[in-house]
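Across the two complexes that follow, chain A remains constant while its partner is chain B and subsequently chain C.
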Partner chain A sequence: MALFNFLRPKNKLEEGGRSSAPVQQDAGEPEENCPNCHKDIPLSRLWANNLVCSCGYHFRMKARQRIQTITDKGSFHEMYPRMKSGNPLNFPGYKEKIGTVRVASGEEEAVVCGTASIGRQRCCLFVMEPGFMMGSMGSAVGEKITLLFEYAVEHRLPVVGFTVSGGARMQEGLLSLMQMAKTSAAVKRHSDAGLLYTAVLTDPTTGGVTASFAMEADIILAEPGATIGFAGARVIKQTTKKALPEGFQTAETVMEHGFADSIVPRSGQKRFLAELIKMHNWRAII
Partner chain B sequence: MTDTAYGRVKLARDSQRPTGLDYIRKIFKGFIELHGDRRYSDDPAIVGGIARLNDQPVTVIAIEKGHTAKERTHRNFGAPQPEGYRKALRLMKQAEKFGRPVICFVDTSGAYCGVGAEERGQGQAIAENLMEMSTLCVPVITILIGEGGSGGALALAVADRVWMLQNAVYSVISPEGCASILWKDPEKAETAAASLKLTAEDAKSLGVIERILSENDIGKKEFYDRIRMMLTEELEELTRDVDLTQNRYDRFRKLGQSAVIKE
Partner chain C sequence: MFSKILIANRGEIAVRIIRACKEMGVATVAVYSEADRKALHVALADESYCIGGPEASESYLQENRIISTALLAGAQAIHPGYGFLSENAHFARACRRNGLVFIGPDPESMERFGDKAILKEIIRGTGLSVIPGTKAVLSLNEATQAAERIGYPVMLKACAGGGGRGIRLVRSKDELEDAYLQASGEALSAFGDGSLYLEKYIFPARHVELQILADEYGNAVCLGDRDCSLQRRNQKLLEETPSPAVSTEQRKRIIELAVDAVKKIGYVGAGTLEFLLDREGNFWFMEMNVRLQVEHCVTEMLTGIDLVKWQIRIAAGIPLNFTQEDVMMKGSAIECRINAKSCGTLKMLHVPGGLSVRFDTCLIDGSTVSPYYDPLLGKLIVSGNDREETLRKMRVSLCELVIDGIPTNIEEQLRIVDDERFTAGNYDLTFMGSR
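Take a look at the complex of A and B:
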């Protein structure tokens, strides 16, 4: 069942490649096995705990659910909900694939955008969808994110973004690649306007999204254990023919090397984000 | 061989093609190479410095693959480390400070995939270039001379004008990578190459590049003379452009819009 697409084992980049399909779980199963502590957790408890195991393992989360947990009740107003990519290159199999994904995920595209309040702090919000081709960035994703940043500049709002992506969507070829430049230019304008952009990197954030708006935030947060990197671990292993070091491309290592500001568990994210926005609204209040 | 997309890919990768440094030496005069990113090291895969285009000082940056086996190893086969991109950005900022146009030559299969590169922020380095280049206050022209491999190429190609040699390719992913991910079969690279629309003609029809440069006399004096002339003319026009950064924003802003269904 599509609803349970996010309940998949920890990142499988190494074995299956970036676009490996989500593992389908048996919807009738009332328990979920944690890939970290290997304990079976009752689904009801997992849901109640925002899909975090008692051992601290963060399961992947659908965009809509994340929006629900992170924003103030009833505050989210979706923007560009029907915007979606066509098949600009007539890439073989793309139309069929994206059609199936749309039905299975219930989303038109791999990112959900809108305005919201987080702890009574107004902001623009984008949340990427792991169940939609692993959050791959095509023309529509790039367009939606660009529009959101442009809206945020116009209305002088901070932007909060949750990233999850295997990278640029290869079925849209060069046009996907160009979204990296397009979104980056929009982030730059937002930044030059003196506005705050906070990114929360979730599992996995890789490829063209890492190399564009994920790494361009003023403040970069990460979820515990998230895979964060540019090249896929499998490709690096193939290229270098060496074993990868322990903890390679995990949020913790990324922070250790200076590329993330803080690791924030899901349970603390709302308060953390609200506090950050509030601190940056200081001048506005006076 | 040039009639298929994959044939173009092979041509673009040919070690006999002129490399970045060949262009720098033949088109410009008095090249002074500047090294290092002032952060960590100097990446030999990216060469940069100041040179004269006719009489005008310009900043030139090129991804260099090398010709001989020894050179190619030294240049890491034109696969830049994060330091290469940071050096490029340093030189671009310097160009901006001194009001020099920037000219980039791109030829890479992609940013280097390695443990060290990841640990030193390959993604962050590329992202920063994309962001900063978008508002650079001096004209930027990028020429793709061989392989234009994904983000590693784009990190030097957020330019006012992007040109491609006739047999250069520009792609979001290598055809082999695409075939292995999508069809679990690297042998299908030929199909992938055709599907990815990575030739110069494709890039032009997608609006990603402005101009295709003929290779009929590649490597000859006339070839470089022609590029020098084109660069001179184009820079003249771009220097007069009072809305330079706005136009650059718009150039990228419109890409992909036709692929979006708004309903």
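Take a look at the complex of A and C:
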């Protein structure tokens, strides 16, 4: 490195103009339309920006990609990779559907669990997969999350969870609803052990997941614009026959009403989480 | 405005760009080769990353490494400086594909204006005079026919050329075959393209160029002319503005034509139109440089306009906030390029100072001149109220400049500014050859 350190001038950034490259692309490059600003964005550009549009819209992200962006390189070690749901109720068509989804998403189940380092802070991590039946919670999802919390208690590790879910998996009926109680109990035992659990709610976090481990975290963060709720907006509208207020079930409204602690854009999540874990590190406190 | 810029260059130009960024409040990312670990630009930047071995092809020309570094460091734009990747359309396109701003023209313009034969066709339609010549000649036979049509002496030039390589003067038919083969071979190895074109040899002539700034909203201004006739083997040694050979009336006319031409061709960014000026006062368009020039500093000293800052602003989509009428061109400015004559390690550096004296350099204590890069150590630029005052100041400054430990051309520059023909402003491209 350099031989010496110069003092750094504190000039403020000049104003005006663009702060990044205007959207440009090579001929024939595939594009994705942004549901927020309705502009077409070349895929290479979108991927380079962690699936965030220049207007700030956060596209849904696959679990593996999220793990790659949030954890330190090579630090993620997956746990329970082969655990998967059966078809306990013999629900018609479920076996075929889940087979197709497994091939399409490349995952065995709707959550990926493991241990990792975030900004050199060790933790247990679970990330839900939107491409797997919209992250629905079946018995395997509940079991994996419960086991992860139990592992975290045993090894005195904080837990970080990224939630994305349409709710409990209806094909598994009551068994999937039971996962709400089971995971909640695991979270409680983790909390009683004095350990930190941080949840990051991403688009969409709804149904049984919201009603259980997503909202039970010590610190609840959310991605900008994420839909967070229990019943879907359309169902509520049809049932109550009333117009819903603007911004209903968005992360911003949820935070305004005190159900989330902060909204953290994707670009700042790694640093934010690392700082939170560091602050709550029991070794540091002792 | 971009909050972070990567500087894909080294030496004095990297330092120059980092300084402009710091003034603008922009964070800087430097890249460097193993030979440049202790270079000034590495120490000055906010972040620095080693990108490879000492050969330029292993580091400063490694497009993918530079783009990866920019993406990892979170830079939004890349300033290529001059040389290296500054005129590389492939690199500019790769930047764009990765969501990075290449501070310079877009790759399509670069391709259009980079091919001299195509550029001349474009310029011919704008009202500027173009040296009589040909498009790319495909064979020696075709070259011979074209040369006879134009009339000897002719110049053979590389279509993709620059920096004085791939150029041959042909005085008669006998010399054509050798010159054709040599120039073609040289162009092929230097630029990867051996195609050549022919043009009439204007003799005697001066090399006069016009500095242009144009934004994406169709505004274009010319920041005056520079006389770069003092060259050795097509490498510029000393530049001055305004050219002593151009009258105020002539200047006004050529500036109007040039601004008009730049608007017509839709160029965006900083650029230079290069002309040959013959004895009759005719400007013959030669080529356009689509990047910052080494000698941009003389224009800055004369006009007070920071070209690097404006390059960055134009790239960020900020419109020019001045017009041609606002450009002040009063007084005179001269630049002497201080080159290393061989390798060495700096023992002591003394830089001249005073009003309107500027030394843009990359030298610091312990600097080593390596054989891998251009021998330019720095540029001494002075300006004054008139040419006489500037010359006096240049002599004083050259005498005061001490670069101990590295053999330099300071004394040679002193002899040039003392030469009667130079002080009288009476010189052309043959000046260095005749000394």
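Here, the second predicted complex is superposed on the first by the 252 of 286 C-alpha atoms of A that agree within 3 Å, B and C clash if a C-alpha of one lies under 4 Å from a C-alpha of the other, contacts with A are read in each partner's own complex, and residues count from 1 in each chain.
We adopt the following convention: a residue touches a chain if its C-beta (ideal position, glycine included) is under 8 Å from a C-beta of that chain, and two chains touch if they have at least 3 such contacts.
Note that the coordinates shown come from a computational prediction; the quantities given were computed from them, not determined experimentally.
Residue contacts after overlaying the shared chain place A:Ser139 against chain B, while chain C stays out of touching range. Of the two partner chains placed by the overlay, only chain B lies in contact with A:Leu175; chain C stays clear of it. Using the contact criterion defined above for the overlaid structures, shared-chain residue A:Ser184 touches chain B, although it does not reach chain C. Once the two complexes are laid over each other on the shared chain, residue contacts for A:Cys55 go to neither chain B nor chain C. Touch counts on chain A: comparing chain C and chain B, the chain ahead is B. Of the two partner chains, chain C is the only one that A:Ser44 touches; chain B does not reach it. Touch criterion met: A:Ile236 reaches chain B, while chain C stays clear of it. Comparing the two interfaces of chain A, the one with chain B and the one with chain C have residues 17-19 in common. Chain A makes touch with chain C in their complex at residues 1-6, 8-9, 11-22, 24-26, 29, 44-45, 48-49.
Across the interface of their complex, chain A is touched by residues 111, 113-115, 117-124, 126-128, 130-132, 134-135, 150-151, 154-155, 157-158, 170-173, 177-178, 180-182, 191, 195-198, 202-203, 206, 208, 248-249, 252-253, 255-263 of chain B.
Remark: chain C residues 1-3, 22-26, 37-38, 42-44, 46, 48, 71, 76-77, 93, 95-101, 313, 316-318, 366 touch chain A in the complex. On chain A, the positions that touch chain B within their shared complex are 17-19, 80, 82-86, 88-89, 91-93, 138-140, 142-143, 146, 168-170, 172-182, 184-185, 187-189, 191-192, 207-208, 210-216, 229-231, 235-236, 239-240, 242, 244-245, 248-249, 253, 257-259.
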